[in-house]
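Here come two complexes built around subunit A, the first alongside subunit B, the second alongside subunit C.
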Partner chain A sequence: MLRYFLRKLFVYGLTFVLAVTIDWSIPHLMPGNPVLTLMGRIQIQDPKVAQQLYAHYMRAFNLDLPLWKQYWYFWVSLFHGDLGTSILQFPSSVTSIIVHAAPYTLGLLIPAILLSWYAGNKVGALAARRKVLDNTVLPLGYALTATPYMWLAIILSWTLAVIWRVFPVGYGYDPTATRGFTWAFIGSLAYHWFLPFMSLFLVSFGGWAIGMRNMIIYELESDYAHYLGALGAPQRLIRKYAFRNAMLPQITGLALSLGTILGGALVTEIVFSYPGLGYQIYRAITNEDYFVIQGIFLFIIIGVLVANFLIDIAYLIVDPRTRTGMMAGGGS
Partner chain B sequence: MSSAPPTALAAPADTPQLKALGGPKPMSSLREAVHFALGNRKLVFGISVTVAMLLFAIVGPLLASHAPLAYGGDLAAAPTTHDGYWFGTTLQGQDVFSQFVNGLRLAFIVGALGGGIAAGIGMLVGFTAGYRGGVVDEVLNMLTNVVLVIPTFALLLVIASYLRVRGIMTESVFIGFTSWPWAARALRAQTFSLVSRDFVDLARLSGRSSWKIIFREIAPNMSSYLFMMFILLFGGAILIAATLDFIGLGPSNTISLGMMMQLSVQNAALQLHLWWWFLPPGLAIMAIVGSLYVMNVGLDEVFNPKLREM
Partner chain C sequence: MKRIWTRTAAGLALAALAMIVFSSAASGSGRAPAAGYPRDATLITSGTQWGNIAGTNPYVGNYAAGMVGLVNETLLRYDPIKDVYINWLAKSAKWTGPKQYTLVVRSGIKWADGKAFTGNDVKYNVGLGHFNTAFWNNLWQNVRTIPVKGNTVVFNFKGTPNYVQWQNLMWNLPMISPTQARPLITSSAKLTTYSPANPVGTGPYKIDTTGWDPTTRVVFVRKSTWWAAAQHLSPSPKPKYIIDLVNTSNTNSLNAVLAGVEDLNNNFLPGVNTLVKQGKVQTYYKSSPYMLSANTAWLEPNTRVKPLNDLYFRKALAEALNPKQYASVAESGLVRTANSTGLLPTWNKYVNRTAVTKYGFKYSTSAAKALLKAHGYKLVGGYFTNKDGSAINLDISVPQGWSDWEAARDMIIANAKAAGIRITAKVKDYNTWQSDRNTGKFDLVIDNAYQISDNPWTYWNGIFHMPVITKGTGQTFANFERYNNTTAWKLVQRLDKTPPSQKTTIMSINKQLQTILMQRLPMIPLWYNGVWAQFTSQHWKNWPSSTTSRKYMPAMWRGYLQMTGIDMITHLAPR
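Right, the complex of A and B next:
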């Protein structure tokens, strides 16, 4: 079990180092002086601000130092939580932008991931080999899982917010409300949260339902299920065993799907102008605010690695074989 | 994108067994496959929709009477038969039909190219790791796990944002190079299970080269599996490309389905009720990817008799 954890941690460590290295090297791989290119693309009228910015960039990139030192300083500033400064929202730091935006994204993502996983597995398991239910769940599931996240967001926004006006069109909360721990403000947050959450929830729900349905059918056709059936075990018991076995690949699948749903959250936020990381990264991309893009990338990497580790622990709890060292779970 | 594939391919069809089921006087396995394929509603539905969309993508641009990015139509006009603006116009007076069919073509290109590259890398890594085993397997497995854990979409964001000119080819290549790991992992497991069989041992004794054994003995025994893998990677590549394009990192000098959605949202098409602008692109992606997924399940049922509906 310790070996299992050490292996996992090694992979995550390697991934992190690799990701940081890529993040650092991309601006260096581009031709020309990145600072001049950056300066050329932002039109700043005030020469004083421009000079200040130029000096800041030269320092930030450490372009006068040898490469290995630049790389080293990148790591040093990373561990000091210094991810650079935004151009668009000068002079606020990238770290502060992330700190303000991340709660919105996490508030969407975590409930959407957990609830869609739970509901999708339940519904998928119910639908498998049950004709009537399967005939509705299967097409619906495929339609949902094939829907681009932003399109479902567009549909929900257009119908429920623009046409029927049941929900707000966008933003994280009512801008006229006073911020604070009041019921009115929390209500406003929840009211604005619902539609982006629903679009994330529905798309991934479809994927989980389909996955579970297919897994259960495989399990019901396996030898142990037939054997149980031959012994005269009630169908409910066989399904219960099938469900528990089908659970394992779904947990592994949860880790694999993190990147996808994360991309989904980013674009959903754009549709709803929801003030999370997706909205920030969109603004950064359209305004070529590179430090923000790179900083959010690093934040996402760390988040995904932590989530992967938590899923590994869940796998250990659910699958006793990994604990006794019979096999390395999650297919490592 | 990736939530469906690993589970859908978790327990693959066992083609050698399927062939053995034919008994002493077997129906030719091809004829048998065709028989069950035509009888499978999911497969027939999936293939029909995909082919219809493909034909639309090929023929559509020939029917369009305006260039995708050309201005000049009435602003924000609803669909009409007049002057070839069948899908209406954008807020700036561009032809939505022309943009749509152009985007449809790009979607198929990204799917084929991105999915093809990913399948190629997945096969290379999966076969090598599964066949060689040992240290080679350890190293390749480590590589697979690292790329699997990296949120590749975020990585694509960073890379694409630094590219000044973005083409559909570069986009496909990047998608291909980041979406192969689950395929490699699945193929590795498959190869492992085949490598220890008698016919592979026999081929080894005959002194053939490893690659010949892999492609003549091992790969044909999971051809259905490989095909299904390609289908899923194809659909996945289309979805990733649409998401990238929507976030503002689409190819320059052309317009894709994802970019259509981005521009419509940016120009408040929702508030202005210009549904002909934002409905078709997403619907098309849903139709293509959905029918590919349904086709995949259909194929699974055709190749694996246990899964057929009772």
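Right, the complex of A and C next:
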């Protein structure tokens, strides 16, 4: 068991180093100079002042150093818990930006992932054995899962927010609301959360429903199901076993799809101007805010790796074969 | 097991939702009204802040919109519609000698912390210029002494003052409280990171820290007393709260205005002219051009690139263009066409009409073709070639996503094609566009780098500034067309150093500069970008309008509140 976890930790550690290196490199490969963008907002009429300010900001952001040194300092800062200072939002720290934005993204993402996974699997399993449901869920599921997150978000925003004005078009809460632990404010948050949530939920739901429906049909047609039937086991018991076996690929699928759903959440936030990490990263990319891009992606990298690790553990719990194999083989 | 999974999933989902509530709500306890900001007492604006609100540092440039004007005020203000200065924190401010500027601070002004605003406060604020990260550091370098006697502050200069830049500083430098700033601004670096949560100012509002959310909004709450209202210099503003929202997108902004979420929006919203006609929104003018002018949009040729280094080619290109079409179609008639000098309507008094008639360019495809032929360019297969026979294919770029400019770019390409000039669009995001412009990696760009100001010197300085920096950062703030004209540059410098009393000299220099511009065409003025402003009277009335006495700048943009934007706010009345 220990060897298994050590091996996993090594793989995750290596992935982390590689992902963080890519995370650092990509913003630095972008054309343009973010300091010039920052200076473009300052009222400068004199070349000497411009040069002084330019030198000051380049020094402040370590951008005057050779790339290898910038990379080294990035890791040093990282281990000191310092993600740097935003260029676009100077002098705000990247950590403060993430602290403000992350709850919105996690509040959107986690319910969307878990509820769509749960509901999709449930409905998919039901569809596998009820023809009426199968005839409706199957095409609907295909349509939903084939829909890009952004496109569904635009459709929902356009119809429900712009045309019918049932929901708001942007922001995380009503601009005139005062924040506090009041039902009015919680209601306002929920009201602004609903459409972005539904965009993510519906697309993911379709995928899980189809996946589970197909897996259940496959499992019900397998030898062990027929054997159980021949032994006189009730259909309810057979379906229960089929459902359990069908869950395994769905758990693997959940791990694999985290990145896709996360990407979906980022673009959904942009469509709804929802003030989460996706919206922040969009602003950061368009303004070459290196440190915000790096910081948010780092947060995402850690999040995805931790989630995958948790799913690995869940897999151990759910699948007795993995547990047994690990015990017998000393952990592979 | 199944129940455990279900419960775990539901628990995690609920926990995530609780996290939004907690993190959003936790920072909002305090003295804000419990039931939300009352809409009938709240003015909601948007259109200035892109991205999170950076803080309250008034020197960095991305501070909370509205702060300078609502919280921190300036010594003078400037009215660009009437072209007059307004004495504000200063009762008077004038040149009292060739190297002396005397300013008298108004009595009875108090900071939000109750302390009196004094002459020494002015000295402290201007003195921050000794930090080399201050944008007015170049002007401070020329200050010899600042004796203060009571409310009178005298600035004695070492050499000839930069009269124009100094006057410009007087209405652009926000006064911050020395009591609050002194312990915090202790170095050049700290001048750039200074950002108090609750800045102490002299203005009519203060920041409502309970409403502060950098991802969404800044909230200002009205102070109980404001010196300008007490001294009957201005009506007291009626909105108890002002909320400036972070920009989302043009589409969302448009919906927010129509739905009455926003009272004033300062984004460029294509098609707003239609909404004005339908009576859904209002603008400063009831018909075209709808908007006041904010800056000049021009076609910027890279004068170091062949054949744009040839004056006659530039002239032919100018004659091939149809700016009226760009203003009426690409800009939906929301702007005015620029005259050949590019001088904004605010600077009309400087325009030399005779010179414009004589040297100004006019749209004529045939004249453009004739000019090129006359100067050795050969028409081959519908397009002109260079004099040496090599093909001409210029690129043109605008920041990607600026839809009006993209439309104008396509029209420019079509106009040029009709005159036999091949131009191809190059798509660049804003940063690449800016970086390439600064470092000279372009043939043609549409640009509008210089905003309206109290003196056309800012415009001329932008066009003719020298020397051209070809290495490192390149051109950071001026002369992106890389035009080399020492005569023009000397005139620009002379204009800055000419006392405002020498009106004839000032006029003469301006005439010479515009003649050089029109004769040499280092850039080609196209139209005047608007002070984009659309508002509704669902909650507030008495908006600025060309047909009433309320001729004010309807904008919350940075730098515009001291240009009568504050008068817009003080004249609003609840519906």
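Keep this in mind: the second predicted complex is superposed on the first by the 273 of 332 C-alpha atoms of A that agree within 3 Å, B and C clash if a C-alpha of one lies under 4 Å from a C-alpha of the other, contacts with A are read in each partner's own complex, and residues count from 1 in each chain.
What we mean here is this: contacts are C-beta pairs under 8 Å (C-beta built on N, C-alpha and C of every residue); 3 or more make two chains touch, one makes a residue touch a chain.
Quick caveat, the model's predicted, so the values are computed rather than measured.
Legend: residue contacts after superposition of the two complexes on their common chain; A:75 is shown touching neither subunit B nor subunit C.
Judged by the touch definition given at the top, the superposed model places A:114 against subunit C, while subunit B stays out of reach.
Once the two complexes are laid over each other on the shared chain, residue contacts for A:286 go to subunit B and to subunit C alike. Of the two partner chains placed by the overlay, only subunit C lies in contact with A:46; subunit B stays clear of it.
Look at A:264: by the touch rule set out above, it reaches subunit B but stays clear of subunit C.
In the superposition on chain A, A:208 makes contact with subunit B only, not with subunit C.
Legend: residue contacts after superposition of the two complexes on their common chain; A:227 is shown touching neither subunit B nor subunit C. Contacts of A:169 after superposition on the shared chain: both subunit B and subunit C are touched.
In the superposed pair of complexes, A:186 makes contact with subunit C only, with no contact to subunit B.
Counting contacts by the rule stated earlier, residues 30, 162, 169, 286, 288 of subunit A appear in both its interface with subunit B and its interface with subunit C. Those residues of subunit C that touch subunit A in the complex are listed here as 1, 6, 9-10, 12-17, 19-29, 32-39, 42, 44, 50-55, 57, 59-62, 132-138, 165, 168, 172, 188-189, 192-193, 195, 210-211, 213-217, 243, 245-246, 248-249, 251-252, 255-256, 259, 261, 429-432, 434-435, 438, 458, 461, 465, 469, 473, 476-477, 559.
Contact residues on subunit B toward subunit A in their complex (touch as defined above): 1-4, 6-8, 10-11, 141-142, 145-146, 148-155, 157-159, 161-162, 182, 185, 189, 235, 239-240, 242-243, 246-249, 258, 261, 264-265, 270-271, 273, 275, 278-279, 281-283, 285-290, 292-294, 297, 300, 306-307, 310. Residues of subunit A touching subunit C in their complex: 30-34, 36-54, 56-57, 60, 86, 88-92, 97, 99-101, 103-104, 106-107, 109-111, 114-115, 117-118, 161-162, 165, 169-182, 184-186, 189, 193, 273, 275, 279-280, 283, 286-288, 318. Only residues 11-12, 14-15, 18-19, 22-23, 26-27, 30, 129, 142-143, 145-152, 154-155, 157-158, 162-163, 169, 204, 207-208, 210-212, 214-215, 217-218, 221, 249-250, 252-253, 255-264, 266-267, 270-271, 278, 281-282, 284-286, 288, 290, 293-294, 296-297, 300-301, 304-305, 308, 331-332 of subunit A touch subunit B when the two sit together in their complex.
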